[in-house]
Structure formats: C-alpha cells, structure tokens
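Alright, structures below, take your time with them.
Look for subunit A in each of the two complexes below; its partner is subunit B in the first and subunit C in the second.
== the complex of A and B ==
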C-alpha cells in the first residue's frame, strides 16, 4: 500500500501555500515530514486527509484516486498536537467511537478497544473521562483511537510537541512498535531533527511550502542536497560561511585547509561551506585539525554534551562536543574543525561536494 | 505553619451592605406587609400566616400560576432549539459575523414597553401589518383582543422575537470556542453532522446553554411589561400571568397583605426552580 502525491498544490485566495509536491509514501516504516513551524507540514497533512481542498494535482491511495473523496469516506486516522478526545465520553467510548460509526459488532469493538488500550497502557483508565487523565494519557487515548481503527493511512501531526520531556521519550519509543505490522502508511510531522533521526524510515524535508528533499532519513542527514536541507536537518543550527576554492585549498578568511574528497575536484571559485556543530570541537585531534579562533558568546550544557556559540569574523558559529569544557565567556578560544565534515554548496545553495 | 485570621470578612462587608440596601431591606417591607393587615392611616393588625394560606388556596392564584408555567414552558421549548439552530447556521468567521451579531442583538436592545406597543400595533386586525395580512390576505380570523388563543400566539411570538437572540448569542459563543481540531477528528472518525452536534457541539455548549436557559426561565417567569402593554392580561383573564395578577391585587384592589404574601411565594418558586435546574445541570461536573 502507498500514498502517492502527484504535484498537489494548495492555494488560498490566490496565494500558493503548498507548491507542487510529489511524494510516494510507503507502508512499513515512518514517513517523516520535517520542517520548521510554518513550513507547510500541517497543510500537507490536511490535504492528504481530505480536510483541506487540493487546488491541483492528484492523491492516490493504494492505486485509487481519492483526490475528491470526502474525509468521512476515507479510512484514515489523525492525531493532533492538541489532545483531541470527546470530552463527555469515557476512554473506552472514545477509542470505540470510529468503530461505532463504522457499524462494527459490539464483541469486535470490545476486542479492538482492549487491544489498543493494552498496547498504550490505558486498560486501568477505560472508564474515566479525558479530563480525568494526564496530558500523556490523553494523547495515548487519541493514539489508541487511531490504531483501533483499520486505517489505510495514519497522520501524526507533531503528536508529542505538547508533552513534557520524559513522556515524549516514552511515547516516542512506543510509536514504531504501535504501527509495526498494521499495513498503514504512517506520516509523522515534526519540527525536531532529532525526532526524525530517532524514528528513522524516510524523511521529507519541508521549507516554505515545498519539499526540498525526500529519501531515507539517515541518507538525507548525511547527504543534504541543498543548503536549505542541511539547515532544516540540524539542531543546533548548521554553521556556514562563504569560502574560496584556490588550488588544492579552501580559504575562509585567514583560515585555510586542504580540499579533500569531492571538494578536491571543484573548480576554483566562491562556494559556501556548511559544517555541523558536532564537527567543531574545543580541542585539536587527529581529525579536528583546522584551527578557528573565535570569541565565546554563550555556552550551554545539555546533559552529556555542551555547546558553545562563538563569533567567527562576524558570524555566529556553534560547537557541540561531549563533556564539559572550561570556556570563558567573552574571551577568545581556539576551536578545531574536522574538515572531513564540511559540506560544500554553490553560492545559491546547491550541493557540490 | 498555617496562619489564620478573620480579616477576609472585612472585604465582604461592603458587598453585604450593598445587598442589604438594595435587596434585603426593601424585601423586609414586603415580609412586613405579608403578615399584617392595614386599612391605611399607618395602622397595622397582626394576621400571621393568613394571607399565605389564602393565596395558596385561591383558585385565581392557581390559574395564574398555571398560565405562568405554560408560558415559560412554551417559550423555552421554542426559543432554546431555535436559538441553537440559528447559532449553528451562523458563520464562524468572515465579514458576515459582525453583521449577524448586530442583527441578533437588535431585538434585545428595544425597551420592553416599546416591544409590547410595537406588537400591539403590528397585530391589530385593521391597521397592523401582520394583523391585516393574516385577516384580509390569508383570510384567517385573528384578533388577539377577542380571542384567547390569538392572544397566546401573539405573546409567545413576541417573546420568541424578543429573546431568542439571547440563546443564539450565548450558544454562538459556546460554538466558536470549540477548536477546529474537534471537527476534524469527528470527520476522520466518519461521524455524521448529527453525531458532531450530539457528541461535540452540544457537550461543549452545555455550560452556556445552562446559563441561557436559567436566564430565560427567570426572565420569562417574571415577565410583566410586554404582556401588560400588549394584552393587559386579556381577553378576560386568559393572559393574566403571575406578575400581572400580582399588580392587579396590589395596585388594583389595594390588598397589600395578600399581594405581599403572593410576591413572597412567587419569589420562592422562582428561586426553587432555578436552584433545582442549576443543581441538576451541574451535577455531573461536581462528581
């Protein structure tokens, strides 16, 4: 089964919100839509769910054109960022609601609700109302409703965004198991690169209402096709600066390093280099050899990692490394870059090496 | 350690004084009258509960109370569903929202006595727009000054015209507060329009509807000006509601004792029904 988008667009009062988008979303793994807020993830999901009209293009589900089919007639599920449950119904009735609409027999409804509740650890709460549950339980209830139903496609629109950190981790671990073997196309929208990497599968990077790149998540992370794709898929933000290719060397201000790999074959000229923060380290090593002298602005400690924002010739760069490091705010520090981690783009943002 | 003092009561005092002056003290006058007999000259004779007994046993009171309940029940049965239906069909966003809201608010802005006078003229068989139309174009005999049924149709229609907007506006406020996500979830469940209404809109409107019904109950149960101006309680006594009857006894016959007893009973009924309704409607929320 696959959900196929053929050049679909969304136009609201003459303004194009989603540019022509073509994707083939398959079953068996997570299809992640990754992009910042306002990139068009929710718009795309609403069109796939039939909640918003498709201005042009076609949408196929399992080989059948469903472009104009009403939402009610599609076999789909949607879990929102907000915890949406029927307020006056018990958890059991909430999970059962789409099954009741479908006219399923009571015995089968009981079985399915019980199964969904077991997986999501809701069994002790089946008789409660949503407002008597915690946020995490409410969202689990919404997820249970989505899996109890025999859906061809399941849309998860930032389902973990409103949960606190611990719950988010717990539920995220549960998600792949939840949909494994159900045969539904799972579409998961998120604004967090880390979430995309953890869920794996395939990722579509979205920016300004368009998909900039689509493919296996790990491959996109390693090989972004454009500077925009690299930017979307990096947290903290990816470092970038204009550079000159000159002979066998790359020149960035008064820093220079040897061009290696594909970069060695580049013609002389102006390029943009982008390098992820984890390739900028606080001290030299075998691989981190390019010295960058910058003034430390802000440091952050996030568990086992620490990041330092520093000023490099007027640009804000970030270093991310394991352990804690004795930075002094406002003073100069020499960071070391792993030149092997550099990505090269043309000045208009196309990947060249 | 928990510190406790009684200073908070000081903040309640001003409100207490205000309520005392605008409600309790004037009402004590009524209580005073309800247990005494007076023939003027500021002379009073103790009567105990005589007036209360007399009122509770009086056929006239029973009839007026019956008409009052009938009136209130009829307008609630019409105004609540109609108000919800209008609120459901109003746009949720766009340039027509303020237009609809102003149109809806208009009838409520007209003073009660003007509403009565308007409908009086409107329904007169010879010169009223509606009265003339019904009698001379549709050929149906309709004269609220002669026919009790016509009088009832007129006061009910008038109240529906005047106050349905209140239910509309409150229901509408409840409706627009429902996030789109709920409607989307229902669509994805495959729910019909009726299910959306029954399982999303109605539960979400419950609180505002409780207030709307409570307000409409109290207002309609105490209604005076509009039917007084429109029918004066006639023809005969057919539209003499409780308040009209009360004024007749108090100011028409100048029976201040029985009138005072009747107003206390009237007040107690209003209070009791409101309390009962509110308690039943909010019972679920407390559990």
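== the complex of A and C ==
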C-alpha cells in the first residue's frame, strides 16, 4: 500500500502555499516530514487528509485516485499537535467513536478499544473524561483512537511537540511499535531533526512550501542535496560560509585546507562550504586538523554534549562536542574542523561535493 | 463580627429588601397593605395565590408567557447555533460587518418595532398567537444568542472539527453529536439570556396579543379594577414571575460564570 502525491499544489487566495510536490509514501516504516514551523508540513497533511482542497495534481491511495474524495470517505486517522479529544465523551467512547460512526458491532468495538487501550496503557482510565487526564494521557487517547480504526494512512502532525521531555521520549519509543504490522502508511510531521533520525524510515525535507529532498532518513542526513536540505536537517544549525577553490586547496578567509574526495575535482571558483557542528571540535585530533580561531560568544551544556557559539570573521558558528570544555566567554579559542565533514555547494545552493 | 463583613451584609440586605417586601405583601390582605407599615403579615393569607391558581384568566397568563418564552428560546438558540458556527469558522465577504449589524438590532428600543409588527402580524393572521410574540422577540434574542455562542465556539479549536471529519462524522452528525455537546455551557447561557429577555419584555408582548396569548404582565394590569387596587394579588403575581427566572438561573449558574470569564456575557 502506498500514498502517492503527483504534483500536488495548494493555492490560497492566489498565493501558492505548497509548490508542486510529488512523493511516494510507503507502508512499513515512518515517513517523516521534517521542516521548520511554516514550512508547509501541516498544509501537506491537511491536503492528504482531504481537509484542505488540492489546487492541482492528484493523490492516489493504494492505486486509487482519491483527490476529490471527502475526508469522511477516506480511511485515515489524524493526530494533532494539540490534544484533541471529544470533551463530553469518556475515553472509551473517544476511542470507539470512529468505529461507531462506521457502524461496527458492539462486541468488535469492545475488543478493539480494549486492545488499543492496552497498548497505550489507558485501560484504567476508560471511564474518565479527557479533561481528567494528564497531557500525555490525552495524547495517548488521541493515538488510541487513531490505531483502533482500520486506516490506510495515519497522519501524525507533531504529536509530541506539546509534551514535556520525559513523556515525549516515552511516547516516541512506543510509536514504531504502535504502527508496526498495521499496514498503514504512517506520515509523521516534526520540526526536530533529532526526532526524524530516531524514527528513521524515510524523510521528506520541507522548506517554504516545497519538498527539497526525499529519501532514506540516514542517507539524506549524510548526503543533503542542497544547502537548504542541509540547513533543515541540522540542529544546532549547520555552519556555512563562502569559500574559494584554488588549485588543490579550499580557501576560507585566512583559513585553508586541502580539498579531498569529490571536492578535489571541483573547478576553481566560489563555493559555499557547510559543516555540521559535530565536526567542529574544541581540540585537535587526527581528523580535526583545520584550525579556526574564533571568539566564544555563548556556551551551552546539554546532557553529555556541550556546544559553543563563536564568532568566525563575522559569522556565527557552532561547535558541538562530547564532554565539557573550559571555554571562556568573550575570549578567543582555537577550534579544529574535520575537513572530511565538509559539504560543498554552488553559490545558489546545489550540492557539488 | 468584624466591621468589614458588615459591608456585604448591608449590601445584600438592601438588595433583598424589595424582594422581601414583595413576598411579604403577597401574604397580606389588601386592607393591611393600605392601612400602614408592617414588617410581617399581621393576618397571614394565601387568598391571593388561591385566586391566581384557580382563576383561568390569571393562570393562563403564566401559561401563555411560558409558552411564548419557551418557543422563543428554542427558535433563537436553534437558529443562532448554525449562524454562530458560520461566524466563528468561516471568513466570508462582509462577515464582520454582518456580525456588527446583528448586534445593532439590539440597540433599537422595542417600541420602534411594535407598530410594524402589529401591522404585519395582523395582515398575515398570526396576531394574538404565541408564535407572534416568540417571533418578535427573536429580533432581540437571535443576535444576542449568536454573539454569546460565537464566543464559546471561538474557544473550541478547529482541530476538533477536523478530527471528527477524519473519524468519519458527516457535518450534521458532527454538529449535533460532537460540537453542540462540546459547547453546551454556551448553549445554556444563550438559552438563559433569551429566556430572561423574553420573560421580562412587556411592550411587544402586550401589543401583539389580545386574549388568546395574553401574557401575565398584561393580566396584572387588570388588578386595577372595579374593586379598586388589589395589591395583595398584584404582589403574589409579581412573586410568581420571579420563580421561573430563579429556576433557570439555578441550572445555568456555573455556565454563566464561565461565560463571564470568556467576556461574552
């Protein structure tokens, strides 16, 4: 089963919100839509769910054109970022509601609700109302409603964004198990690169209403096709700067290093280099050889990693490394870049090496 | 007792005094009322109430009022629900102007409309029916109900609608089974205000009825009759008019607090 988008666009009052988008979303793994707020993830989901009209292009589900089909007639589920449940119904009735609308027999409804509630640990709360539950439980209730129904496609629109850290981790671990073996196409929108990497599967990078790249998550993380794709799929933000290719070397202001791999074959000229923060380290090593002298602006400690924002010839760059490091704010520090982690783009953002 | 707790006490006392006086009067004889000042009924009598509950011209006044008030409340709320939904969920040409125009209907005094309604209803033959008064009161109550309901609906995220459609609910089914129960507090508040406005409105109710649908307020004017003023009877009738409002308030008291919190009451 697959959900196929053929050149789908969304137009609101003459303005194009979603540029022609073509994707083939398969079952069996998570299809992640990754992009910042306003990139068009929710718009795309609403079109796939039939809640917003498709201006042009077609949408196929399991080989059948469903472009003009009403939401009610599509076999889909949707979980929002906000915890949306029916406030006047008990948790049981909430989970059962799509089944009741479909006219399912009471005995089967009981079985399905119980199964969904067991997986999501909601069994003791079936008689309560949504507002008597915690935020995490409310979202689990919404998820239970989504899995109780036999859906061809399940859309999860940043379902964990409004949960606190610990709940988010718990629920995220549960997610792949929830949908395994159900045969539904799972579409998961998120603005967090880390979440896309954890959920794996395939990822579509979105920016300004367009999909910039689509493919296996790990592959597009390693091999972004454009500078925009690299920027979307990096947290902290990817460092970038204009460079010159000159002979066998790459020149970035006072800094120069040997062009290796594909970069060696580049013609002389101007390019943009992008390098992830984890390739910029506080001390030299075998691989981190290119010295970058910058003034430390801000340091952050997150778990076992620490990051330092520094000023490199007027550009804000970030280093991310394991352990804690004795940075002094406002003073210069020499960072070392792993030139093997450099990605090269043409000035208009196309990947060349 | 602390001196500062006296302030609310005195305030409540002043507030309750006229109501107490009315209730006390209803148990007095007319002679006692006219003879002078007494805090409690000297000769306690239920005659006034007995008259009201046995004389059809009296109790039909109440029944008529309750019929057209209920009719009006049902019409107003059921018409206002879809209207408020449209205002809260859709953007259309002139939506804000239309919303404001609806409210301006409340700004005109009822007397302005009495004559046109009288003429119109006489022409179409619904003069002196409960429907006539109920429809006339819609002029004031529908805008009010739309305004109150729109406030409550605005507090319901659009995602609820979307979730219901995804679950397979058709629009009418979603509206009746999901949406209205979700804003039942708003429906309660809107119904309460429609009820109260229609219950206390005199001028249109009197103008548009003669015999068949005569409201209690019109019936009360006949106490100034051949036997002079029957003040005890009038007080008893007044006391009874307070009761329906009090009952309705009891049921919606919590919702009204919510309505105030949303700034829509």
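Keep this in mind: the second predicted complex is superposed on the first by the 353 of 353 C-alpha atoms of A that agree within 3 Å, B and C clash if a C-alpha of one lies under 4 Å from a C-alpha of the other, contacts with A are read in each partner's own complex, and residues count from 1 in each chain.
Just so we're on the same page, a residue touches a chain if its C-beta (ideal position, glycine included) is under 8 Å from a C-beta of that chain, and two chains touch if they have at least 3 such contacts.
Model, not experiment: these values are computed from the prediction.
Clashing of subunit B with subunit C is the outcome of superposition onto subunit A. Touch criterion met: A:86 reaches subunit B and subunit C at once. Legend: residue contacts after superposition of the two complexes on their common chain; A:77 is shown touching both subunit B and subunit C. When the shared chain is aligned, no partner comes close enough to touch A:160: not subunit B, not subunit C.
Within the superposed three-chain model, A:33 lies out of touch with both subunit B and subunit C [touch as defined at top]. On subunit A, the surface patch touched by subunit B in one complex and by subunit C in the other comprises residues 46, 49, 51, 71-72, 76-78, 80, 82, 84, 86-88, 97-98, 101-102, 145, 149.
Contacts from subunit B toward subunit A in the complex involve residues 179, 181-182, 184-185, 187-192, 195, 199-200, 203-204. Here subunit A touches subunit C in the complex through residues 46, 49, 51, 71-72, 76-78, 80, 82, 84, 86-88, 97-98, 101-102, 142, 145, 149, going by the rule given at the top. The touching residues of subunit C, when paired with subunit A in their complex, are 157, 159-160, 162-170, 173, 178, 181-182, 184. Subunit A makes touch with subunit B in their complex at residues 46, 49-51, 71-74, 76-78, 80, 82, 84, 86-89, 97-98, 101-102, 145, 149.
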